[in-house]
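Chain naming follows the written order as A, B, C and D, and within any one chain the residues start at number 1.
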Amino acid sequence: MIDKVVEDIDAAIADIHDGATVMIGGFGRAGQPVDLIDALLRHGAGDLTIVSNNAGNGDVGLAALLQAGKVRKMICSFPRQNDSWVFDGLYRAGEIELELVPQGNLVERIRAAGAGIPAFYSPTGVGTLLYEGVETREFGGREYVLVEALHADFALIQGYRADRLGNVQYRKTARNFGPPMATAATTTIVQVDEVVPVGDLDAESIPTPGIFVDRVVPVGWREWTPDGRYVGGLVDVNGQPVETGIDPHEGHTKATDHKPSGTEGTR
Amino acid sequence: MATRISRAELAARLAADIPDGAVVNLGIGAPTLVADHVPSDREIILHTENGMLRMGPAPDAAHVDPDLINAGKQAVTELPGASYFNQSESFGMMRGGHLDYCVLGGFEVSATGDLANWSTGEPGAIPAVGGAMDLALGAKQVFVMMDLFTKDGRPKLVAHCAYPLTARGSVSRVYTDHAVFEIAPEGVAVVDAFGDTTVAELEGLLGLPLIDRTTPTGG
Amino acid sequence: MIDKVVEDIDAAIADIHDGATVMIGGFGRAGQPVDLIDALLRHGAGDLTIVSNNAGNGDVGLAALLQAGKVRKMICSFPRQNDSWVFDGLYRAGEIELELVPQGNLVERIRAAGAGIPAFYSPTGVGTLLYEGVETREFGGREYVLVEALHADFALIQGYRADRLGNVQYRKTARNFGPPMATAATTTIVQVDEVVPVGDLDAESIPTPGIFVDRVVPVGWREWTPDGRYVGGLVDVNGQPVETGIDPHEGHTKATDHKPSGTEGTR
Amino acid sequence: MATRISRAELAARLAADIPDGAVVNLGIGAPTLVADHVPSDREIILHTENGMLRMGPAPDAAHVDPDLINAGKQAVTELPGASYFNQSESFGMMRGGHLDYCVLGGFEVSATGDLANWSTGEPGAIPAVGGAMDLALGAKQVFVMMDLFTKDGRPKLVAHCAYPLTARGSVSRVYTDHAVFEIAPEGVAVVDAFGDTTVAELEGLLGLPLIDRTTPTGG
């Protein structure tokens, strides 16, 4: 019987080796697989190449991995954010290598790797600093740059729900890089709020079919996921911690009242 | 040439040029103001490149959902008829020319529609491009919304960009605090000059030949 | 207000011009937009280039369009089927041009057109008759052929449900070519069983967002769609007409008892 | 060399080589028989390239659903845990190397793993390729299931294919009515010869050097 569920998050990432290329999903904080990243930090693998849209927020998750000196190189589109002080410091100190890729080319390189396309032509970046010296070619009178696929050894992704076959659903804009990254790594590891019995996920609505997933790690519901409404009241519209003065729990079930039920996949 | 209009007025001026039913991506910063000025009889569909169509306005503080953000990483809401998709699909929409309008900020726009808006080229800066280069090619019409002059008075609509380019020849219109410009094959045209601003004045200040396509307003 | 619903199917396809390139969705009979094809036949446009996986079944739909002499060229992967006698006859008589493309390259060319990728490299077809004389290139020591994007003027697609914004859902394996074709045509026209009010479709489950769709034509439920169980009893497992001896309507609601309700989109 | 096993026996022999949990695409024709012979303690996931994973067996006549078919355009069913996706995604799975096994029919296989199975090259035939070329590259292991000889006795495992190629060097194993062959970098190996068939006999009939990797069975 197929059972991709791994309850022990440390075991789930234990084969990530020094020097590995690791894709990390997420756009800003949405979809960032924070529990997997924390496990990777505990695990201790270093000399990593990280492929991720951003280069960490605050002092947690990817930022903590960077702070610990585990990352040799970042491949990303937007390392500079208002809370990316860890990356900023390393970069200015010359302690980290950066490959800057326009976001659309970055995700298309990832998608291409997963789909067996070794290279493609893109209009994005033609005539810019980022593609100086890169081969170009005309199609229909317009100029395009040649862009190569981007593979990884591991992909770490945050999903919402999954089954033991590795079928994964996402939640809202946290989907972002999950589906393409899941296809582009030799080993794909997905943390989810909940593992559900096989057959519970609508077959018409599986952005990441199990064929792309090697391990599913249930980490428990996040504060807002049981009823789709954030009940932590801890971030403002910019994702920054605030005191709102509103009791966010009023009229809501507390997250801790929900425990993911025993699942078909883990029985 | 004392006449300048405010950011809000400019957003309203730009919003008036976006027709009913258009699919629009509003860049981070000033362009997001456009959403607040869409005439109430028009239905505009907002695209956010992190993977959503039919994005709604910011929620109140009790309804912030960390899984539902825009490209500026701010909390947003979902309108009826929304759809979520992955980044590959989202940038395919842009690169494939499916968006009707894209509104971006700019450091500089050239007379041939080159855009510079991702890097000032400063040696100390952390480079970051995000979706800027994709967005600059990512719509049938690319509108830039910016002040016409820097704080120290240098024009931002120029013969050739000095800053590193975001994209070549992609801008169709430039909305500024002094005037609205169209980048046409035959040159830069003024389609709207605000208040007492004249095309001749603009030519002098910018040092660029300008075509006068302003529509005389009554009075 | 956006309203892409066109009740009159003849009006919906009236701008398809002589010489147009038209993509037609479907794999075999599943997903074939038969009502739109019938309307195109009535409309009378000729000298068409048709992009479709197959070249028609029996005497209906695409086969009828071929029979009427409206098609100059077929771009497809598998014209030869056990019921493709119309195409077979035209091809043997030299009355139709054929561009044969491996199915994966065909759909990737369509997807590329929709995603602004003018060309890509593919491993499929290297060293075969179909790619003799085509440019090849090595990546990582393996050889690939250069394949260009495939655009169309129109795409005709069969969906299941849609709203007035053009969001489309499909049903089971009838999804097939619908989503990529919807992205690759200047004008995309989708026939659906039912138009539903905006907000009724799950935002997490929209294979074709409205941005890709120009017109939605409700054609009424097919025999099997109301309860997901075929109640016609008219085809066997090979899709061929049979008498089963079973009363297929027993225990089922008759299709004609369901009428798509008045929708938000068409009020 | 009188020993030949039946199609059903061959399907069972091949099915025995597919491990629990594998994702498998079964080509049209004889390969579909493999599904009926998967040992009951193994969970195999069937992929059909028209856009589905976890395909189930044919329905009874009253439950035929025209929207639910396999690549051979026959009615099938959906097992729990199924997923539907479009053709682009489906062929990306194959081309991207995500399938574990693909089982195909063949006209000819060469000693270096070239496969010919899409065209006999006859002048009068309607050419059709479908997903054959993608499938032939579309899995970590590509198994071909075919008779070892044509009806008029010519070998179908050959030094070089005479028929137009489907793909070069992609076949890993060949399952025939007489023996199972492995296409190895060092040459063609016999891993299983049925009944009284010997490797020496096969070498003579095929005119190919063969490596003997048969496992002696007790007795």
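Quick note on the criterion: contacts are C-beta pairs under 8 Å (C-beta built on N, C-alpha and C of every residue); 3 or more make two chains touch, one makes a residue touch a chain.
Source: prediction; values computed, not measured.
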Practice prompt. Report which of A-B and B-C is connected by more C-beta pairs in contact.
Written response: A-B
Worksheet entry | For subunit A paired with subunit B, centre-to-centre distance based on mean C-alpha positions, whole Å | 29
Worksheet item: How big is the gap, in whole Å, between where the Cα atoms of subunit A centre and where those of subunit C centre?
Response: 34
Worksheet item: Any idea how many Å lie between the Cα centroids of subunit B and subunit D?
Response: 55
Worksheet entry | Touching two or more other chains - residues of subunit A | 108, 115-117, 122-123, 170-172, 203-204
Response to the item:
Note: subunit B residues in touch with at least two other chains are 78, 84-85, 91-92, 94-95, 137
Discussion item. Can you work out from the touch definition every pair of chains that touches here?
Written reply: A-B, A-C, A-D, B-C, C-D
Fill in: Complex interface listing, subunit A residues touching subunit B
27-31, 53, 77-81, 84, 87-88, 91-92, 98, 100-105, 107-108, 110-111, 122-130, 170-180, 207, 222, 224-225, 228-230, 233, 235-239, 242, 244, 246, 248
Fill in: Residues of subunit C touching subunit B in the complex
1-2, 113-117, 163, 165, 167, 183, 198-199, 201, 203-204, 206, 209-212
Worksheet item: Any idea which subunit B residues touch subunit A in the complex?
Response: 48-52, 58-59, 61-70, 73-75, 78, 84-88, 91-92, 94-95, 119, 124-134, 137-138, 164-168
Worksheet entry | Contact footprint of subunit C on subunit A as seen in their complex | 108, 112, 115-123, 137, 139-140, 142, 144, 148, 169-172, 202-205
Fill in: Contact footprint of subunit C on subunit B as seen in their complex
20-21, 23, 43, 45, 47, 53-54, 78, 80-85, 91-99, 137
